[in-house]
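Next up: some structures, all given as structure tokens.
What follows is a pair of complexes built around subunit A, which joins subunit B in one and subunit C in the other.
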Partner chain A sequence: MLRNAAIIGCGQTKHSGRRRDVNQAELVSEAVHNALEDAQVSLKEVNALVVGNMQGFGGVANPDLWIGDWIGAPGKPVLRIATGGTTGGSVGQGGFYSVMSGLYDIVVATAWEKHSDSKEAGATTGLLHVALANFFHAFGYGLSMKNLLATSAVGAAAGVAAYQARFYMHRSGCRSEHFDMVAAKARRNAARNKYAHLQWPNCTPEDIHKTELIVDPFRYGHVCPASDGASAIVIACEDIALKKCKRPAWVKGLASYSDEETQMQSESGGGVGVLDPSEQMGARLSAMKAYQQAGIKDPKQEIDVAEIYQPFPSQELLFSEKLGLFDEGKAWIAMEKGETEINGRMPCDPSGGVNATNAIGSSALQRILEAGLQVMGKAEDHQVPKKVRNAVAHGWGGVTNYITVTVLGETPAPRR
Partner chain B sequence: MQRRVAIVGYAQSEYQFNVPRTREDQVFDVVKAALRHAGILREEVDSVVTASSDFLDGRTISNVFLSMAVGAYQKDESKVEEDGTGALLYGLMRILAGTHDVVTIEAHTLASTINPHQILFYSLDPLFDRQVGLMNDIAAAAIQARMYMKKYSVPEEAVAMVSVKNLANAALNPLTHRKMPDLTVEEVLNSKLYYEPIRELMIPPITDGVCALILASEEKAREITDRPVWIEGVGTYQDSYLRDRDLTRFESLGKAAAKAYEMAGIKDPYREINVFEVSEKFAHEELMIYEALGLAREGHGQSLIEKGLTNREGEIPVNPSGGALSADPICATGLTRVIEAARQIRGDAGGCQIPYVERALAHGQFGICAQKNTVFILGGDQ
Partner chain C sequence: MAYLKDQRRETMMVEGSWNIGAYRYKGSTQLQEYVDGLKEKKLIGSLCPGCGKVIVQPRNICGRCHRRMDKRMVVSHKGTITCFVISPPIEKGKYKIIGMDPVEAGVIQEGAILVPVFVRFDGADSNINTILLNCPPEKVHIGMRVKAVFVENPEGKLSDLEGVEPLKE
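What follows is the complex of A and B.
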């Protein structure tokens, strides 16, 4: 890196299943406003914005053009990034690169989702209309319905995750009961996070186990909610960060590698090389690159807290291994010992994570934001009770093949 | 800029209507051609940034099946929505940050699979404009054209002359698909009326297209090629949504151009830039673009076209490739302009070549009435 960048302010909205009190634009402005207030930066000082969501869920194409007016975008550069589940992670990284490039000094990165909008009749017809047009176009050159259905099944995350979980269980020896433990921990942690969606103080694995089975091995209690919410971070260059913020969260390493798409065939029928979606080459490569940039040699010792993108509980376990926080197949044993609790040796998702709050476009940015809060010591009730030198934030999306990994720390990355 | 960055290779597909092949196939061919043009292997690329749109591609996560096709397998990658110049800017930022050295930029839209004007309708304010249903991008452009023409007494003929110039230029570009070498102003004004005063030949055709380029840091660029095309300046800005802005001028484009000129050290764009490649999504927009780029005073864009100054043989040729009016693969349109400008600088533009090009400007835009504008200044190795 030629120039350092740091998070100097974080803002998010209260998350819930239906935020009927605001529309999509007002939701985003709530988060941006909170972030600017936290950073003590005025809108005038902001040089550029990086924004994103998964437009299909909000039903508005190119939402930045309309929402821009609510977040002070007119007269400023706006870059919209969207990469599915990792959108937030990609937006955050876009913000970091914007400052690191030297083109801008203060950048706001914001991501959001208003899932309840797509429950409204007609909201998603935009995307459906195009999807159907695509189908008919493809029929025109003789593509089979089988291939097309495969490509259109991408949205079905639960199916993919169940398949992935089975592979992980087979290799590691962990059982469905361990997923109960992860989900219960997420609910309990969320109860300490005032912005989280599914809050359940004193939730026990037995509570989760009582819920009905949805898709083996997942129960209803294992699955993330669909939330309305937004998050925003203010990123600044070194001299501004030092001036404006007592304890900024420096970005030390960032990477977003993809693996070959798993299971689902593409239109051309390619991309089925990866049979085991729990292998996650993309996650391993991203972590390796990010740690290398951050000068981290042993993540087990040097990372103090992890924010992992875990819409399904199996993913907290398997991704914590891919991020090098535990040995392959051993994360569930560490969890049994309580190491991943807020007061444990390696706290995972002290905020409750995606399992408790999932406004998809925003979810991966929220991981960066929460990791930032831990470094800055501003996580309030869910602050881990130890010194945080380095925190890792993870995002997952695509057809289980897109990953973003960001390492934040109390000091800037070592110069190369 | 913290580092110098150059374009070292590029490729475009032929721009056509309804190409009967999958998206992956088309993207793969073009990216492979760009790598071959740069003379490098996929292994030498550090990062890939693409531009496409979930709505225009008709699927959530529009890049989800393109990782292999763009050569991003096990590479640091990302996707920018909207115009390809945004992807180029993001790729540039990745190199400037010092974390990457060689980046592939790709942009595409297969607009024939859908009605792209319908998609722009979905990007209207969902609470009012979309519910009322009176507005769409062509209607908005018609309002803009009327306001502009009335304010500065611009005759319809001047607007039609833009179409005549660009579609005649397109005849020299083998890649475009609307070529009309013998078009006259009368024919433009007699073409089908969409929304007064916008006519069929003032709107781009519906186009399928893919383009890609390879970006490299100075050290790498010197290794890869003897003829790098340097990025000397960049500016990008967004305007307010429809209601809160003066539609008779492109304020954000003016700011973007001023920023790019400042970075490139340009004081007089009229004399210091040799060729302009701009994204005119409607014919009248090109006149407004002249003004925003500082080539004419406000309201005087018409005199440039009337005097023939922006023709191929003129003092400041604009869109010798045919511009967006000859082919508009939406997300790829801006990146196509960058590639055409780079071709001019390298002297590789074939029939479209303008003599003695040292510096070129490329412009990309997105949104209704060009709400978002990006300007790149490219230069050769002086």
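What follows is the complex of A and C.
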């Protein structure tokens, strides 16, 4: 790494299904101003901004073009990044690159989504664009509607995740009841996070199990909401971080790998060599690289808390394995024993995670932000009770094949 | 399939049709070869000279070793289910896809249970995403042997492959 960088301030908005009290620009400005206040940094001191939301969602193609005025961007470089579900992770890492490269000293990274601006959350402008329009070439080759219904991409990420969950169940032995447990934990944790969307104190797996079956193995209660919300972090170089912040969250490792797309017969119009969409090689590679940079040899011992991108409960389980926190196929057993609870041995998504709050573009940045809060000791009611030396944040998206992994810690990474 | 959202205040309504044909995204060059194969009830894949994988439907570049896949292979009609999901009984007025109710449009019968599956046909190293036919949903399992079901008169369309059904070996 060229030089050290750290998160010195975090800001987010209250998340809900419909933030009708603000427009998109006002929503984002809320998060940015909260972050600046938290960091005790004035807009004047900010050198550059990295921004992003999911392309096409919220009914505006390029919201960054008008949001700039509301977040203090005029007169400063702005970089928009959009990588689908991974957007927030890429935005955060874009911010880290900007500081670590020596280009800028203080950078604000912000990401958001305002689903409710489009009549059917994401559907009319978002999903039709990112999932269905990708099929239109196939209509030219006689794709029938019935065939289309069977393809995983029709449910977009949900379609892929249902198949992915089945693969994971088959090779790990985990059952749909375990998804009830993960979802219930996410809702309970969210109840301790004042910014979260689906807050449900004392939610039990039985509560989740009572919800309607969408497509076996998923129930309504397993699925993340579509949220309105924004998050922002202030990133500073080492000198400034030490001056401005008592306990910054140091960026120790960051990596992003992609793999073959696993959304069958969609974008490419050809087959895919990935037989098992729960294999997620990109996550394994990203984790290995990020841990290597961070000087982490045994993530099971050295990582204290994980913020995993888990819109579907199966993903908390399978990605926690890919991040090296549990052995392959064993995460659900650890979860059964309570190891992933806030007060457990390896807390996963103490914030409630994406399963409880999903403002898509923001979701992966929120994982970095929440990991940062845990390191800084500022997660309030959902702060894990143990000492946090290292926290890992994960993002999943692209055509379900892009991954970001970021390791934050209480001290900078060892120099190599 | 998306759940229908509750009605919201209409601000303005613009009547119109959506001409899907106006989109001219190009399919991969190999897609035509694949549908030509379907016309003869053949399932065509491409062979990677790097990793030796046979990918159905064919593609020209291997996703992981990035070698050109110029050689075509015909794989078996028999295959194995590698993954499945099961829909609840489809109800009218509950889902919309591309602005269309699949029951109203006659694509699916009311009350039908859809079992979308991944199938790895013998000789292939990839899955095909299709529908399980002629099988009670409770019988489906990973590892189940199936065979391809084609329409009676294939015309060289993706819809020529209707789905798969249980194979009695």
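Everything that follows uses one rule, which is that the second predicted complex is superposed on the first by the 371 of 416 C-alpha atoms of A that agree within 3 Å, B and C clash if a C-alpha of one lies under 4 Å from a C-alpha of the other, contacts with A are read in each partner's own complex, and residues count from 1 in each chain.
Simple rule for what comes next: contacts are C-beta pairs under 8 Å (C-beta built on N, C-alpha and C of every residue); 3 or more make two chains touch, one makes a residue touch a chain.
These numbers come from a predicted model, not from an experiment.
Undergrad: Is A:Trp66 touching anything from subunit B or subunit C once the two structures are fitted on A? First, second, both or neither.
TA: So A:Trp66 only meets subunit B here.
Undergrad: So in the superposed three-chain picture, is A:Arg192 touching just subunit B, just subunit C, both, or none of them (first/second/both/neither)?
TA: In the superposed model, A:Arg192 contacts neither subunit B nor subunit C.
Undergrad: Looking at the overlay, what does A:Arg19 touch: subunit B (first), subunit C (second), both, or neither?
TA: A:Arg19 contacts neither subunit B nor subunit C.
Undergrad: Name the contact category of A:Pro217: first (subunit B only), second (subunit C only), both, or neither.
TA: A:Pro217 contacts subunit C only, not subunit B.
Undergrad: Residues of subunit A touched by subunit B versus by subunit C: which partner has the larger set?
TA: Touching more of subunit A: B.
Undergrad: Which partner does A:Glu260 reach: the first (subunit B), the second (subunit C), both, or neither?
TA: Touch status of A:Glu260: both partners.
Undergrad: Have a look at where A:His170 lands relative to subunit B and subunit C in the superposition and call it first, second, both or neither.
TA: In the superposition, A:His170 touches subunit C alone.
Undergrad: Using the superposition on chain A described above, determine whether A:Leu103 touches subunit B (first), subunit C (second), both, or neither.
TA: first
Undergrad: After lining up the shared chain so the two structures overlap, which partner does A:His115 touch, if you call subunit B first and subunit C second: first, second, both or neither?
TA: Touch partners of A:His115: none, neither subunit B nor subunit C.
Undergrad: Identify the residues of subunit A that lie in both the subunit B contact region and the subunit C contact region.
TA: Shared contact residues on subunit A: 123, 127, 133-134, 137-138, 140-141, 143, 151-152, 154-155, 260-261, 264, 268, 270-271.
Undergrad: In the complex, go through subunit C and note every residue touching subunit A.
TA: Residue list for subunit C touching subunit A: 1-2, 5, 8, 20-21, 23, 25-28, 30-32, 35, 45-46, 48, 51, 53, 55-60, 62-64, 82-88, 97-98, 100, 102, 105, 107-108, 114, 116-118, 120, 124-131, 142, 155-161, 163.
Undergrad: Which residues of subunit B touch subunit A in their complex?
TA: Touch list, subunit B to subunit A: 1-3, 18, 20-25, 53-65, 67-68, 72-82, 86, 89-90, 92-94, 96-99, 110, 112-115, 118-120, 122-127, 234, 236-241, 244-245, 251-252, 255, 366-368, 371-372.
Undergrad: Help me check something: in the complex, which residues belonging to subunit A touch subunit C?
TA: 119-121, 123, 127-128, 132-134, 136-152, 154-155, 162-163, 166-167, 170, 212-217, 260-261, 264-265, 268-276
Undergrad: Along subunit A, where are the residues that touch subunit B in the complex?
TA: Residues 1-3, 23-24, 52, 54-56, 59-66, 68-69, 73-85, 90, 93-94, 97-98, 100-103, 123, 126-127, 129-131, 133-134, 137-138, 140-141, 143, 151-152, 154-155, 254-261, 264, 266-268, 270-271, 281-282, 285-286, 289, 293, 397-399, 401-402, 416 of subunit A touch subunit B in their complex.
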